[in-house]
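For clarity, chains are labelled A, B, C, D and E in written order, and residue numbers in each chain start from 1.
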Amino acid sequence: MKRIGVVDTMFARVDLGSIARRALGESGTGFRVDRRTVPGIKDLPMACHALFDEGADLCLALGMPGRAEYDRTCAHEASTALQAVALRAGRPIVECFVFETEADGDRALERLARARAEAHARNAYAMLFRPRDLAARAGSGRRQGFADAGPLRRRRPAGSGA
Amino acid sequence: MKRIGVVDTMFARVDLGSIARRALGESGTGFRVDRRTVPGIKDLPMACHALFDEGADLCLALGMPGRAEYDRTCAHEASTALQAVALRAGRPIVECFVFETEADGDRALERLARARAEAHARNAYAMLFRPRDLAARAGSGRRQGFADAGPLRRRRPAGSGA
Amino acid sequence: MKRIGVVDTMFARVDLGSIARRALGESGTGFRVDRRTVPGIKDLPMACHALFDEGADLCLALGMPGRAEYDRTCAHEASTALQAVALRAGRPIVECFVFETEADGDRALERLARARAEAHARNAYAMLFRPRDLAARAGSGRRQGFADAGPLRRRRPAGSGA
Amino acid sequence: MKRIGVVDTMFARVDLGSIARRALGESGTGFRVDRRTVPGIKDLPMACHALFDEGADLCLALGMPGRAEYDRTCAHEASTALQAVALRAGRPIVECFVFETEADGDRALERLARARAEAHARNAYAMLFRPRDLAARAGSGRRQGFADAGPLRRRRPAGSGA
Amino acid sequence: MKRIGVVDTMFARVDLGSIARRALGESGTGFRVDRRTVPGIKDLPMACHALFDEGADLCLALGMPGRAEYDRTCAHEASTALQAVALRAGRPIVECFVFETEADGDRALERLARARAEAHARNAYAMLFRPRDLAARAGSGRRQGFADAGPLRRRRPAGSGA
């Protein structure tokens, strides 16, 4: 039984943790979720650290930085620390940040946040249980929350002669 | 008996450490506060490090960066180092920075600083003693010092049929 | 038998991992390739970490950051973490990033990505097996993916008297 | 007998190390100074590291970054590394940087550099020998080199009823 | 017999490693040089790491970042990692970067690169063998590659009465 840590924030304006947990549950079985909520994104790294200490095999860190330039700095600092925590633990953290500036209007932002949290949760599941699913999509221009960009060149069917 | 480290600076223009200590005291019991004051925000990380060495379970690092662009760089450097200190100790640091540019006029800035220090102190208390209080507010758009942003979508009461 | 880890992403719009593996194969023998695919560039560092744990002597980390300013921040964070992972392992990571803004049009971007992945793969091979080939090109203005810049001053043939 | 490391640079245009050593001597007794000079600010971190290895209880790192944008980047890199060195040693580094852009004209810049080095030296002394002096000035808007900003609100005398 | 590691890049447009080695040789004796060449500046840190592992007492890392904004980011990442490598080894790395934007025209850039590499090589020698030479130049406004800025205030001869 694998363990997936899910950490989100009170600062976020969408309940990303619940969305991610649901998407994980719909992806498959063989794991249990340990969930934590912290005040803001800068508190995510040490919450992941604690979850790794308790046995998590992977953590999903979810947050919604605000609109100010300073919020981007905070996101950068949180991100850097998440990488350091993962390295210390020797286990991956899947980071899912949604910036308030990425969408116009509350509805669009909420939809984006929901779609991105679901996509990252599915990725987290694949990283633990189905790494070959990821390998099959190498270089395919996948996006999380927005429409996929797709590959720059269509792959030709094997033996097409082109 | 838990121990909470509270560190503030001589550079700050509001006595954030005293405000935080008072707010901690009003939040509950079961802990004692170890307080330190350092010259500026870049001295906060090693003061937290020393407090962790002496047994602190969590540190609250409070500072007020100035108005210059360089002050933002200093805050970023302090922040990065606070994350590294927390990771080394395996215990969280709650960072509370108030930028002079965040409010117009001394009164407004003082009110903001006070409100933010109180909010972060309450969060620190909850992280140690009432993590479920945080979980209950996941994704609810909480802010520290300013009015809460609130969730993007009102949560509907259970069974509302909407 | 040396081992080379090759990690690429689903986010990239060109199958950089396959291109790199092919270029490695054309460079020589004496190694085997372990390949992984992760969702995005921020997931590259921990994938390299895992490959080093499994015995890789060098990792090649390939990614294509998007067009937004935030993508540049992500690339910077990934880069910083790749350096930390290499240092922890005591073995090098060759980073190959292709930014969408580096070329106009899909065809040019695809050509650039392909050429850069091939060049970095050849460099990785030389770092492991032919370090003297690198030494012979010191200060010669080599580029990966674009035309070489060349040395600032033509080297004169020995004994030319000029 | 405590030991204070003092490191400055050849790049600086004021002999900050001598100024700091004098100010330390005027602050009190009970310590000895180990001084080093390095080429530039990026060499300060490893000089502090060596001084900690030789027994320093605290280091004072003094430098004067130049006017170019790149000099600010170098200062940031030096700063980040000074924090890492302090954390590794478990002992504080007091950083004293004076930017050439902070004052107009050589005389003003020289005065600023002198005043700041003296202020940081006094702070370093207080951190080692008189931490209560720092605590008494919490939130009082102290500056190093420039006039103090002062607290946002005058503290009222105890029992003033206001 | 001390050992000095000298690492340069294929990306650079001047053979900085050879220039540095020559300047080291002209500075004195008592050391031997271990030289490596890597593809680009981001590969310098792990090459220094390997040289420290093989016994280097100091490394000289030489590179020429290109003209694009992204090249400045790469230089920053390389710099940060060089500091981390030095700290891990407990031995200094002298960084010598020459940006293509620092001079107009190939000849001027080549002269600058040559002069800076020589100056840093002499500094490296002094750090290992003649630290008092550095101390004698504290605060004297030394530059590498450009003309010295000089001290802000002329030092008066001892006993001049002024």
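Here, a contact is a pair of C-beta atoms (placed from the backbone, for glycine too) under 8 Å apart; a residue touches a chain by one contact, two chains touch by 3 or more.
Predicted model only: the values in this text are computed from it and were never measured.
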*Fewest touch steps from subunit C to subunit D?*
2
*Using the contact definition stated above, find the chains touching both subunit B and subunit E.*
D
*asked:* Interface check for copies subunit D and subunit E. Shared numbers divided by all numbers used: above half gives same, below half gives different; which is it?
replied: different
*Between subunit B and subunit D, what is the separation of their C-alpha centroids in Å?*
26
*If you average the CA atoms of subunit A and of subunit D, how many Å lie between those two points?*
41
*Where in subunit D do residues touch two or more other chains at once?*
80, 84
*So that we know how the chains sit together, what is the shape of their touch graph: line, ring, star, complete or other?*
ring
_Ring order, please: subunit B first, subunit D next, then the rest._
B, D, E, C, A
*What does subunit C use to touch subunit E in their complex?*
72, 76, 79-80, 83-84, 86-87, 90-95, 99, 120, 123, 127, 131, 134-135, 137-144, 149-153
*How about subunit C: which of its residues touch subunit A in the complex?*
8-18, 35-40, 42-43, 45-47, 49, 53, 66, 70, 73-74, 77, 80-81, 84-85, 88, 106-107, 109-110, 113
